[in-house]
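Each structure below appears as structure tokens.
Next come two complexes built around subunit A: one with subunit B, the other with subunit C.
Then we have the complex of A and B:
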């Protein structure tokens, strides 16, 4: 259509506003497409596949696509698997609480008491420094620290506080909790620091002026205003901890079985249908946890 | 009565306040006029206790308050940006102090509710209690900030440029309301502003802060008509301040000041006998509605301003770039002794 004809035939033409709107829509779609394609092919499709495979028939070393609920029945009636769900939930909850307990004061310091933006950034970067090494090294580094002849035991024995090495430190649930808390704490610190940094200092001064003590200000002003940060941090930590297997594998001495470990071992022994069931269960748990977290705080209002 | 004596505050090399002596009497609306950067916000922060003075004493009714934690000082502070609690409703904001203060908090919900509602009615916020503070207008936020402070019945209320964030119409209305509210409560207000009109309109007394000290503290008409020194006169934005030597004839010396509206203009050489006169070049004019402002440049570069009232014009037609004689009655002149 030529420029001339569009000028004269108003019935077939679009107003400049409509053209602009069309262009904007086209741009939005072109920005969305790569992400949508990626999500479809590498998330939606595999998820559907996992659900489908969880109903396949599992024989000792192979699966075939005859549909059955046998794997589900087996999974849900097996004490091993049910206790793995329980262990996963317990470890998740303890690590979540530990990351908040350890991370919140750090975030409070960086976000509220350090008012110099450069120093704030430097401190946040310092929190990330452990991530410059690989995940596995960070986990394994706990062994010489917590082992029976590790740093902590040696120091405590030299100081005469204990006479025999503490054995619960390594290859126990304790070491898994310590390892996970250390690794995931920074994902709690980041979002909380961000929310705390956004609190207008004069709001805190106003509360002080109205006669509130620091404790009251913390409870009534600082904590509620930083809660969205805690929730976002909790979502990060939850998603990562619930799907964890490596920390448990290398620090628990095979005593702690998470759903993630079950999936790894089932896949290792080619039990695809079982692995798929565990995968679906894990996905349901994560979805429920995130849904719960989002119910607690209205993030739309806070962002 | 709030008393500051010899209060000083330094930030590194910068001196914000150097030996401020200042009194805010009981039941008074006190305006504190100062240019931006003159240390007026610092002064309020010292009184409220967000910062401590390097030297000097601050006391209320003879009781020394510097060194006391700010939440125990019983002083109200209204922030320029209002600093409302964003996660609380209007009513919760107003009730905050009553409910959560460390000394003698109210525990009876009914009493909190009653006092909160009374105060909201006083500042004109009735019916807005359940609203989120993000869902009300700028003027209403200002009222919340005020109500939140006043409901605690502080010994003195500090207002840090309280009208700065409001548009012009609202500012004029809030001026009247602030005065009325203060009169009903009988508490002293210390209102800090950079606007001389605001300071003169609002204050029962006006203090001028310049160079880190209070240069004059007087009733508004007194301050306006008889500024005690060049600094005070400069802040009123109504006085031409210049060297007496510019004037023909040897009638005075040192720095003198003449009000904008007490200067007259005639053609060069046509200044009446017996009136001090000086030559100056007409630069440009500014029409402000009821008044017109004309700018002149004296021989030593000093800028002179002459105000003409539209209803009683007294200036001749002026041509830009041309020289005129500016003259005034000898008794209109104010002479400042000592350092300017």
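Then we have the complex of A and C:
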């Protein structure tokens, strides 16, 4: 089809193909306009507002629109805020690695080892079903699981493995990491399974017939072909973990403060300018992460 | 030969993974049947449905205040419904636009996708700042609603895009060339083909909006939606009534899922019947 349109292009300026293209374009634009306008007014404009307000003057109880870099200086010289950036990056990296490590073998099993379509779908559905429970309920469900009188401690004590309940399980960085890994793991499993499912099985069989061990097949065929899935999953997980605050707020006992938590607490005390600065910093981090990931894979091509 | 070891190992691993996914919810469900004097942890003193009665306002005396679910539940459902309608319409329109290649489709695509990428806490903050500056009140049916659409519209769009990618355009063209009006063609030809996609887009939009929390936190104003009401109870001590609520809301979502499944099944069986006639 593309060959056809390039042929007619050079002929005359108002060829039927060109007229049709023009008409198609007009139709596409009129269909798209409402959606794009919605995105502009309710997403782009609010984000621009965050950047703008980060340069406003913050007084004790209010902000005014006199431009200043005071909030930025305050933010960048405060140990609390800087450590929040560090905590956010650390938690993000650990959760990202944890979701790949935990999720990849599951995806490998569902996508490659289960060849029965019905069973494959059933397993994927089983992974997705927890999403039909409220996010906040899934977060809070870790409390009776990890608490000092929670399920894990009770079971371990019954088995005689420990005599005292483990206290580091809940209200610590550990509980935040476990909670986030459980909640976001599926976003890693899904894309990887999808990519693995597309691998032509005869390629693997050919490699095996030629005497390649599973290790070699995995390294040379399976891993490279599944990598776009890992990247797409990493984008999903990164974006969600970096913008998190609810899991840290309800499972860490205020020990873990992410940038998201800083924003929430600043808004709570009406420090809008400080919240905006934290927001801009978070935006920069997320943009950098997505830009890096998109360099590695073309999102539109993989869908 | 290695797969003889590898396959069972991976199968066991996957089973453990599912346990990891479901474990907390199972424990939560068990603890929701805690007795009146029991706390939100083990041991179970006595099995009872006291906390369910408490949640529904049927328990007479209580040291624990009732969860503020009633009105917030209605608000959340109305909000999710509004979001579903707008997001699905926008999603169908945009996906339809993307069926023809046009200049600037790349940036437009990414602008839409950005809606599901931007963290809720950021757009929420931006919207709150914007409404403060413009002196507009914040409300769940206004500022929260537009953000919910920003979030769910990309999902609806992607679902519809996937449907349109598999959809043979010549069917539509045949209808048009036979003199059927574009409106009629859409109703009689296009819509039946894309309906399963529309249903999925609606399911996505509804569940995402119903459960959305970060985007609502700064923008809902005084009246709380359900997730906000739940979040409010986190800061104080939690009681098993929250667990009972978790069980009930999960059952509600499953009902929704079953309705979706039934509609889908009914529709696809009808479609395959038509296909069978064609073959015969």
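By definition in this document, the second predicted complex is superposed on the first by the 279 of 303 C-alpha atoms of A that agree within 3 Å, B and C clash if a C-alpha of one lies under 4 Å from a C-alpha of the other, contacts with A are read in each partner's own complex, and residues count from 1 in each chain.
As a working rule, a contact is a pair of C-beta atoms (placed from the backbone, for glycine too) under 8 Å apart; a residue touches a chain by one contact, two chains touch by 3 or more.
Here the structure is a predicted model, which is why all the values come from computation and not from measurement.
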Overlay on subunit A: subunit C relative to subunit B, clash or fit: fit
Arrangement angle, subunit B at one end, subunit C at the other, subunit A at the vertex (C-alpha, nearest 10°): 90
Touched partner set for A:132, first subunit B, second subunit C, both or neither: second
When both partners are placed on the shared chain, which of subunit B and subunit C touches more of subunit A: C
Subunit B versus subunit C as contact partner of A:168, first or second or both or neither: neither
Touched partner set for A:213, first subunit B, second subunit C, both or neither: both
Subunit B versus subunit C as contact partner of A:224, first or second or both or neither: first
Which of subunit B and subunit C A:276 touches, first, second, both or neither: second
Partner chain in contact with A:203 - subunit B first, subunit C second, else both or neither: first
Touched partner set for A:86, first subunit B, second subunit C, both or neither: neither
Closest Cα approach, subunit C to subunit B, once both complexes are overlaid on chain A (Å): 6
Set intersection of subunit A contacts, subunit C complex versus subunit B complex: 213
Contact set on subunit A toward subunit B in their complex: 200, 202-203, 205-213, 216, 220-221, 224-225
Touching residues (chain side subunit B, partner subunit A) in the complex: 48, 50, 70-72, 74-77, 79, 81, 83-87, 96-97, 100-103, 105, 148-149, 152
Complex contacts: residues of subunit A adjacent to subunit C: 24-25, 27-29, 31-32, 34-36, 38-39, 41-50, 53, 102-103, 105-106, 108-110, 113, 123, 126-127, 130-138, 140-145, 147, 149-151, 154, 182, 185-186, 213-214, 235, 239-240, 242-246, 249-250, 260, 263-264, 267, 272, 275-276, 279, 282-283, 286, 290, 299-300, 303
Touch list for subunit C against partner subunit A, complex: 2-3, 6-7, 10-11, 13-14, 17-18, 20-25, 27-28, 31, 39-43, 90-91, 93-94, 96-98, 100, 102-103, 105-106, 108-109, 111-115, 117-123, 125-130, 132-133, 146-147, 149-150, 153, 157-158, 161-162, 207, 211, 213-214, 217-218, 226-227, 230-231, 234, 238, 242-243, 245-246, 249-250, 253-254, 256-257
